[in-house]
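Okay, here's the structure, questions in a sec.
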């Protein structure tokens, strides 16, 4: 009995609810009989799945999608309101001023000098320093901003890191009061541009051990000789910090070498496949004479150089996070728009798998760096903490950008889709401020008690 | 001239400083002439390396090594003093009471019932709940303790999680006031043991969709039929929460089934290769009659079941962290003691590389879960947050234990070295409370806006 | 006009082809009007997808599935007919005699002695040797058979490898004619069982360097002292090859120590988590006196030991292949039967992704080992070739079994599903006959010209 | 007594064998007393290690290093002499003509047209075809040559693959006798250049399903409309094969469109980060009229297109091998020359680990492709075989180039070191002729029996 009512109800339902024109149209496209036969073979679970799918199927294009957000664990909301506002201001600047031109300058391997005044207006240079016109904010804030910059373009964040971290940091930590007074305010406002010359053609990540650039005191002057490679901003910097070994006491000392100094020449490093906006120089010091007054008065050995590196290394980890985040957000956006087999590729399991791999690594990196910066703000940061973050983030970033590029198929190799540049740049992050190997051995020594460098 | 002085000084030095007996001994072991010839060919860098190495070389055994510490970023110090004390109390309990017996019980696949009273004394069960004798602490604290327990034995932490999280949590969130009064205090004190019956033989991680266990109301009683598989603690539990589909309204409801209830039988699941201390049951409900008074009064649909799962899922991520941490600490210890080619294997680059890979993943997991628990304490936790942590941590833990086992060579497969058990247990963590696939698709849906389950 | 005909045709189609009962049934389950509305929103591509899916959907259970075959590139067909027949004979033996009992003995950690006579009947022991009752077949054939055995149980293939490869191989390569005559025929027929004692408690993969077991000649006898660990078959072997350092000339020599020899005792190594069927012994030699006649007459230094290891190492790589293949085939089978959301999990993208990862690694391993054995048959095999295969295959096998276990969800940790055992055993393969580290450094030295062991 | 003699012998040894000048020099550099004290603390094992190291240490520069050879398992020697000679001829051509210019043209994103006549002289185009001036060699030979070309430059091998495989292959398999006579001889001699237009802006790897370019017959002509993207060589090709859907029967057909045909326009795709030497075009067909005589007479449906793709897909796998091999060989060379801490970085464990990872993957790829080509030559190749190789090799190649770049530190991002280009190009290989996802699903369908594309 129930069965008969049910049948009748079904028929009534059917004729009441469906549009006969629609059926005709359908019947002209598919074999309805065959389809009904197939439907008849489904069990209830399968039937429910099909209905669910059909209901969602036709509306892919209308549905309101969740916002694209690379901060999955809401770390931005763990900042103070003022800090959060600064984060968003820098983000807005990067999206308005840098994003539209990044691919073009990257391709040309040129630096967009016109953006410098606008960058200066953000007043974020020398962020953590006290005095000399610097904002005196936290290291956490500095890390967050490094991420924001790298999220749009890793070259620009590198340019900034050289200026604000390596160059100003050297002067801030190792300069005399006079040197700070002279340089920090103008560097902070980008009225002067700085560079940092440590790495040499044959001495990379192992800088501590064997710098070959030499300094020889001669009365009130010093004579510098040697070469420095990979020096960011060097082709146009007003001042370059040069680290050299004093021939007399064998200690590493630092010198502020001014643009145009005789004996100081810079050749642009050509044909990079990564961070092409950054202008790296090969510096040659050929009996370059520098005044004793331009020797950094508080840099007495490599330990002082190392303080600068320790202070800035966390920033490199944050840059890696930004690079990964930029790639992830572009990739997510792409997969929701690109269709295959009639539906957005973001709705395929294999694509979601890539996205979730990216996001889980990205989120882990963010929480790791957040804690790292907290340690730094608490004065507890050790070399090995920063090295671990550098190793983890540069490795995971490589993985993230690789997945990002992968979900884009062939389009992933075109700059215009805003992933290819991150893929390339991740390779540079991977090796600067210490390769994975060197940073791993720093951590390894700290935890095992044994040095395995040699 | 300088050269002659230098030579003279060298000779003087030589004869003054070296013990002729020592040279004789040396000469009986090695060909000194050959060695000197070899030394003569070294350049200065090489010479320095050798000297450094020699100085460190002979003292491997005496050197004071850094403490073995799996909390590299000092998250334990971000707790309050009271919280930190509780963490250390639980750690001490695990090391004193569980560590000495874990391998033995794991091998026998038996549960050490004798530890229950001591566990009860810690007063940490139902940690986050308010009232009913529960301590009302933070979710962060709960997570930290899950890590501490799993760090020594993941089975014990699973036993605890079933009792405190799944069973008590169901009653706390879905029970009536009477049910809470009856059960929570005795469960909190381990005077009663609880279990949680959701998974079925053919319905694993996809529980939401298709529970096949049924409930049929019959006046003041309900008749339950079906099977539940993998139910932890079920073989000896005093009360088991059973989730079943109401045949009348098709909604999932929850029942508190007491030990010995007719129609309720449990068979122990045999021959597991992981979490062997946990007693998992295959429950058969054969016209099992339960009173309406034992139906959880506030469990009206699967959404209520899901609330329990969401609350406890973060704990599983923390367990993964503990499992990884236990393996890492054992492995580090081993590599500092085990020698090969005459020195501790911890001093080899390849071994340090393994250790640093482990530690970086371990540290990332810790910071990720820390933030996850903060979100939970702030009431901002969503399913996808917990799912991401589950995916990331269970994947990374597998990786960590794998490296840990690797640095131990053949000994890595012997239980006594305290890594093999973690290797095996990591496999169980990997799939319980949702496989990687299901959790990935939960995150995928949240970020793309598209469901890709079917 | 065309449109009107089309509509009419549609209606005709509709009423002619569908069963009104079926519609009633459907209408009682789903809201047909809603479904039709949803269908109306699909574009043609989507519509075609749906139809295709529906047609395939209901028939998952009837479809004839492709055979489960782990030899995707048909290497078995590159053998001669006779070789292929032998391969299939061994496979049949393993499936009939070993598969039904493997999990049980593995769990008990016991060896199934009853299978030895049947194993002997296969006449495959000492396969590559000439004379002494040995079949004199190719190394390729031997590798293929190692794979076939490990495909069902890696412990049995290890037992066989110790007997046929390590023990008989030592005698074949280093024994005198008398020693060969005495031992090889009875070992070939499993009338005697052999073992091979090289590894020591503190000297693992680095055996070449520092054997601590000593031999001291005393007239016509030798006195052996020391310990050997991990020695497969040692608990019941009739003869054990013991490698020891001659106190007089510091060279490594080999001795055939008979069962029951005074001063020779064996303790079974307990609580392994892998290869539990293999009985590994800890041998203690306490002033163990052996006749000069039982010293292997052609073993004069570690170079001779190394010849044995080189000859057998390819077999370990093939065992890894077998282990991976067994896991893959079980996993594939499972995924085609296990259903979720109403369809076999093998039909989900994420599961296919796992399966293809497994199969691609499995196929690469097979082609690699095939070529390795060809080199061996051509007399071109060098240590570094075998080491590379060992590194690649043991690494990839770990990966394969891990994916296999993963597609099985929770059931992956139960022995009965025939993957868990392979997961555990892969860990033993990973470290025996040289860890990944040692084998990598052997290859590294060969290609760079630099030794990096110390 | 023995002790006294030993001491005396030691002293004698010492004074006899060492050069007092050398000691003086040493003493001026290091503190000999301290060093001797340190040496005294070493145990015998350590002492031996030190001596060994010293002896090898000073002679890094003189030692004769093993040849750099990416064919570790000697597959080149499994060829016939004639085949081997051809392999070496092509290698010599690539090294002499292409290597010196590859980076320059890659950077400019231009094609070096001047090399075409020399390439033609090799007489390897259309290698496997019979007649029409083609050499009629094996598919194995063709694969080996694809590897040789990609080993020096993947762009050139892609240019060649489009000409010889995709374009000539289409005509060879689907053209009429007249079409073959007209085109194959001149294409074989590079007197005409060909292209192959299948992929569309919105239809990538899923080409089978939904080509949107249309063909409409109109008497003796056809009108083509639509767009083709990524078409290699299209900007300068004399003939482009265009695949389009016939509006009348809905089948895919192929057309030979000549350069300059009205309605046929090509725009160069700009700003690629990979395969920059390859000129990819975006083709627009705007009422492009083609003669029926230029329709490929034996291309009747997409199945015929698929035959072309199946024939050429193995070649893409071989290209991946070549790309990996080129990167590996450059990296190995670099690590043996680059020094750190005074010795070649190739002598560090961490670097050897990278090298061995590369070489094991490279060797596995080679043996896999070798077998794949054998299957093709035996007529047993199926789509899924080629897809598996494509998946495996493109994935492993990405891994190899990534390690190669890694061992080079910062220099890895400079084109001049001959790894950066391979890193970038590997990304293109990764997605062309089917992404990893599509090829995985092809294999997945073959082994599971279920299609999971949609």
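Chains here go by letter, A, B, C and D, matching the order in which they are written, and residues are numbered from 1 within each.
As a working rule, a contact is a pair of C-beta atoms (placed from the backbone, for glycine too) under 8 Å apart; a residue touches a chain by one contact, two chains touch by 3 or more.
Here the structure is a predicted model, which means the values were calculated and not measured.
The greatest centre-to-centre gap from chain D, using C-alpha centroids, is found for B.
A count of contacting C-beta pairs for C-D and for B-C identifies C-D as the more extensively joined pair.
Centre to centre, using the average C-alpha position, chain C and chain D are separated by 32 Å.
Once the centre of each chain is set as its mean CA position, chain B and chain C turn out to be 30 Å apart. Of all residues in chain C, those that touch two or more other chains are 45, 49, 53, 209-210, 341-343, 348-350, 353, 440-441, 454. Interface residues of chain D facing chain B in the complex, by the touch rule stated above, are 6-11, 13-14, 16-36, 38-51, 53-55, 57-59, 341-343, 348-350, 353.
Residues 103, 107, 199, 202, 204-206, 209-210, 229-230, 269, 271-275, 339-343, 348, 350-351, 398, 402, 405-406, 409-410, 412-416, 420-421, 423-424, 427-428, 430-432, 435-437, 440-441, 453-454 of chain D are the ones touching chain A in the complex.
Every residue of chain C that touches chain D in the complex is listed here, in rising order: 45, 49, 52-53, 56, 60, 63-66, 72-75, 78, 209-210, 332, 335-336, 344, 346-349, 352-353, 355-356, 359-361, 363-365, 367-368, 370-372, 374-375, 380, 384-385, 388, 391-392, 395, 440-441, 443-452, 454.
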